[in-house]
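Listed next: structures, encoded as structure tokens.
Two complexes, one shared chain (chain A), two partners (chain B, chain C).
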Partner chain A sequence: MQQSKSARALRTLAGWVVVGIFFFPIYFWTSVAFRDAKDIFNWPPIIVDFVPTVKNFEQVFGISLGFSFGQQAAVTPGGGNFYMAPRLWDSIVVASMSTVLAITVATLAAYSLSRMHFRGRHEFVNWVLSTRMMPPVAVAIPMFFIFKQFSLLDTYIGVILIHGLMNLPLAVLLLKSFFDDIPAEIDESALLDGASRWMIFRRIVLPMAKGGIAASAVLCFIFSWTEFLFVLTLTQTGLKTVPVVSSTFVTSIGTAWGNMAALGAAAIVPAFIVILLVQRHLVRGLTMGSLKQ
Partner chain B sequence: MPIVQVKRIAISDSPWPWLLPLIALLVVFTIYPLIYNIWLSFHEFAPATRGLKFVGFANWVQLWNDTRFWSALGVTFVYFAVALTLEIILGMAIALLLDAELPGFGVLRAVLSMTLVIPPAIAGMMFLLMEDPQFGVLPYLLGQFGLLDKSTPILATSSLALAGVLIAEIWQWTPFMVLIFMAGLRALPVEPYEAASIDGASSFQMFRRLTLPMMSKVIAVAVLLRGIDLFRVFDYVFVMTSGGPGTATYTVSLYAWQQTFSFLKWGYGATLSLTSLIIVMVMANLFIRIAKVRW
Partner chain C sequence: MNERDRKSYLAAVTDRFVRGGMDRREFLRVAGKLGLGATALGMGFGNRPFMLNKAVAQEQLKPSADVMAWLKDVGKPFAGTTLKLATESTPPSNAINSQLKQYFEEATGIKVEIEVLPLEQVLQKLTLDVASSLGTYDLYYIDQSWSASFSKDVFDPREQIEANAELAMPNYNIDDFLPALVDGISKYEDRWVGVPYDIPIFIMIYRKDIYEKLGLKAPTTFEELLNNSATITKEMGPTTFGYAGQMKSGHYALECEWTSMLWGNGGSIFSADKKFVGNDERGIAALDYYTKLKATMPPGVDGWTWDGQGQAVAQGVAASMLSWGEFFPYFDDASQTKVSGLCEAVIPPQPIALRKPSECGYGEIPGVGHQGGSSLAVSRYSKSPHAAWIFMQWATCADTQALITALGGGTGPTRASVYDDPRVVANARVGAGTTRHLPVVRETIAKYMGSEPDLPQWAQISSDTIPVGLGKYFAGNYGSSKEAMDDIGAQIETIVQG
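Let's turn to the complex of A and B:
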């Protein structure tokens, strides 16, 4: 459809304005990470006119970056040296290991759901999906007691298991939709040639579904990276992931906004880069493959 | 063109070895907790023995008479309905707006997807600072436009607190809807639009008669995915208001969590979370039936 020049200009403007509104909180928050306390607690709020500092990052990660943008001043109230590097490491371990768990189990299941026809297959898929409907709090409460019994509270294994499980339904549905795209005739002709199911899966199907598997893995990683309730409930001091740590920056003597923003900024940058890399497959993941007619 | 037609062989191998790890995990981590939850809902923590004692249906009776629970359920439903409606409408509008090959629109779509990687707990904190009555940028901007007295403590005013939380929710999840809807719009065939445009249909008519019906499946999946998550809202209210002021932002998930971990009412917490599960299951299954969502 041809649009007039002015309609296109208007639409371009509207697009930039709308996305600008959505981007503003991200900009504002990132800028807080580079602010001194006096530039955070100012009225009227400062939007662009502040002297940037890397002090917040230095405090949070317990490192010295060895440079600064301007003069350094007062410490953020309630702040101190949080040394969050180990916590970032906890997030990385939990998110990557739980992704490996979910993807491994889900690829096996999704392959058989895509290729093998058996009675109750549809019901089985529905059952898998229904496990996603459980409110996290309905899982977290009994899990707390079960974990306590088996000494899994505060352990990597416990959190990895629960995050892996949380991502299973989505991963299964998603991978099934990617496998469905690969013609079953390929499998059948390989079977005729005497290949086993396992060989077909390893040698043919997995390499062909690489992109889809990568996108599913990224989604699992991000859901684990951003998850809050399970980590809050199932850990005390042994490990903590970034979202839970950020909420502890609120203390009785004030909130270390600068430090929290620094941790938040450091935590979203890697996730965003990963998301850009698989953007082409990502939307498919978000819609669980429902776009296919 | 195949010259020799190969007869399809019957594949007789069993799916169960492939499904076994999945089934084992799901049984251990969903069926077992579910049963444990049901069992727990008939017990209560006894401080005297520091153990559990059987209380029969006491928790369920308490639930029925608990005005805080009913108010939490009400808050959850309002949150669910407002957020879902606004996210769908705004998401569709923005998707239609950005679904064009105009200069810079690729960048705009990428920027919009940034909200997805921010942990909701951190997004909640972001908005907590931005809505602060003393130095928050949001009251300031609203004050500049004369929409709100700039010293209004949004999150501490009972009539505004839920709206304050909803801003964070809608900000974070509208882009998610946009991405889903945009993917749906891309998958639409062009022929019906060409035919309609020859017949002189207006763009609104085309949206009503063509886009909406063809997008219905995508919309249904978006409603289902987001709806399930909305009903169990926890992160935003936990970090932004802790349920307050009063009970204005108390949701069922938060109430269940607090009963269990703050007040050590283990059995009652389990009863509450079980109720929440039942409501989500019933609503989601009804929706799947009505909207005919199939995977």
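Let's turn to the complex of A and C:
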């Protein structure tokens, strides 16, 4: 059906309005990162008419960017926390490694649960699901004592382990549903042709489930990237991920919104890159099974 | 002239010059006599008084040679030790963390790791440490409302001085800590729970320009505060309001402001027999007064903690606030606010009546200058208590405290001598990190300070029961102020009885 020019224009406009509505909070938050305090709290609020500054980034990351937008960059005397730069790295290491850990274990577990029929399989799946229902705070304190015993407090390995464990149930359940969507007949044909289970898994099923694995990995990465409670409880100064560092901008004399926005804006970038890298698989993974009979 | 006198004289001269009471030629002449050239004083070509102060500060804001020598000597056996401290992001902790601890580490070889967290998470960490007795932290940052809870988990500094005489800092002078702060922040029953480390206290901050424009005088009584605020709101609203509160439902900030109003109206939280009396005649009058004052405040005030309150003044939305003195240096920062040089600090309004401490329970001290603050203490579970004790003495000695005050943006010192320190006095001018409000802070501590009760359940009562109840009242969930206070009182009685 042919659409009139005005209808097409209206649709395009509606599209831009929707995009604008969703994009505005990101724009506003990012723009706060480039504002002086008096432009952040101005009443009525300033949307675009402010002189940008990189001061917040310089304070948060403890570096001099060597340029300004016509304003003198300055570091707050005695205030601020000047140890943020490596902390973005902490988040990247923890989120990446815990995702690799969770996805590796979950892929094997999910395939087994999808294809192998053993006693108590359904109960096992329900148990896996139930671990997601437990509030993390109930686990955090016992974990503190266990980690202390094994000298895992304040270490990368400790946080990677806990984030990997935290994401494991979700990854298992998600991947199981993706493997369930791949017809078992394919496995059976390959078995008849003499392929081993491992060969079938590695050469046939895994490539077919690539999209689902990517989608699960992205979710695991994001959950680890934003996780707060375990990192707070199980670390001191050895490492700090972005959410914990962000909370330190809440000070005894108010919240350093500019600094918080600067860290937040910078923290979007690695997560954005990860999603961009797996975008093609992600769309496929999220739509897997939608057309199955 | 000895070094101290020379610095005092330089500070006085600098102050006169910055205030315009002395011309540049005369200033240079005096400075030259003191052995300081124009370069050392940061004198550029142009009238830049802050540059000058900054240069003076750079010249002077270094630890004393005596203190460094002592650190080097006493710290030697502990070189290689790592100390851990979890603290809220306060001006003292930030100044130590970012600028001062390097001196300590270089002199002693002791490494200091400072973990900066929001207050409630500091409490969570300390609670875990105490519950496990693991000694994860060597030093405890103890908010005044937790003193009772942690009193047995830390060393009393007086005991440490006696027990470890060889580690005692010469001239540490424990009597220099303001006695009111020792009582209000660091003492529980007969024990010292560390030493006072940080003192935010309520002072009255108002916009002098707005007050003058409307022919008003700084409020000296609660009645004047209400009338002035109502006048400003009437004349300048809805762009500018007379007063900004910290009235966020369920937040400790609301409890703090309410307590000031309660004490200022002659009430108290507990009676001498430890019963809740916030619902007596004076308590009801206080809540009714608070309700009237709220009518002069900007809309949305019931979503603000002290942060929103401070921003309202900083952005010119409100003309006054009774709040933490630590905000004042921020207001004077022209790069951060629109009110630099326009605000003045005065002592809090005089109370309508004031109950005596002997008429109150749990060590409560009524006074409009509501005091917050924290102590620094050595953990009993620390694996390196001696090294921690050395750090604690250094962090809270007069020299370090003066540096913290000058570097940390005019936070309220906890030692009497620091208020008179030339480095602190030299900073008393309009500009970022000013200390020009400190005489008011000192007077408020000495004469008008109010201190919350000390009981183990106070953290729950002050951060949950009272502010949640008050939030419900201001949201209209109670029929009257009496009904609200009775309900809060009943809940408190249940909590106290366990």
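Observations
Criterion: the second predicted complex is superposed on the first by the 218 of 293 C-alpha atoms of A that agree within 3 Å, B and C clash if a C-alpha of one lies under 4 Å from a C-alpha of the other, contacts with A are read in each partner's own complex, and residues count from 1 in each chain.
Following the convention adopted for this analysis, a contact is a pair of C-beta atoms (placed from the backbone, for glycine too) under 8 Å apart; a residue touches a chain by one contact, two chains touch by 3 or more.
Keep in mind that what you see is a predicted model, and the values were worked out from it rather than measured.
Put simply, more of the residues of chain A are touched by B, taking chain B and chain C as the two choices.
Of the two partner chains placed by superposition, A:205 touches none, neither chain B nor chain C. In the overlay built on the shared chain, the residue A:131 is in contact with chain B alone; chain C does not reach it. In the overlay built on the shared chain, the residue A:45 is in contact with chain B alone; chain C does not reach it. Of the two partner chains placed around the shared chain by superposition, chain B and chain C are both touched by A:233. By the touch criterion defined above, A:213 lies against neither chain B nor chain C after alignment on the C-alpha atoms of chain A.
Touch criterion met: A:247 reaches chain B and chain C at once. Contacts of A:148 after superposition: chain C is touched, whereas chain B is not reached. In the superposition on chain A, A:272 contacts chain B only, with no contact to chain C.
In the superposition on chain A, A:36 contacts chain C only, with no contact to chain B.
Counting contacts by the rule stated earlier, residues 41-43, 141, 144-145, 232-233, 247, 249-250, 255 of chain A appear in both its interface with chain B and its interface with chain C. Listed in rising order, the residues of chain A touching chain B in the complex are 1, 8, 11-12, 14-16, 18-19, 22-23, 25-26, 28-29, 32, 40-45, 47, 104-106, 108-109, 111-113, 115-118, 121-122, 124-146, 161-162, 164-165, 168, 172-173, 176-177, 188-189, 191-192, 197, 222, 225-229, 232-233, 242-244, 246-247, 249-250, 255, 257, 260-261, 264, 267-268, 271-272, 275-276, 279, 282-284, 286-291, 293.
Per the touch definition, chain C reaches chain A in the complex via residues 84, 86, 88-91, 94-95, 97-99, 113-119, 121, 124, 128, 132, 134, 136-137, 198, 200, 306-307, 310-311, 314-315, 317, 324, 326-327, 330, 335-338, 372, 404, 407-409, 432-433. Those residues of chain B that touch chain A in the shared complex are 6, 8-9, 11, 13-15, 18-19, 21-22, 25-26, 29-30, 32-34, 36-37, 40, 94, 97-98, 100, 102-105, 108, 110-123, 125-127, 129-130, 134-137, 140, 171, 174-176, 179-180, 182-184, 187, 193, 197, 217-218, 221-222, 225, 228, 231-232, 234-235, 238-239, 252-253, 256-257, 260-261, 266, 269-270, 273-274, 276-277, 280-281, 284-285, 288, 293-295.
The touching residues of chain A, when paired with chain C in their complex, are 36-38, 41-43, 74, 76-82, 141, 144-145, 148, 153, 232-233, 236-237, 247-255.
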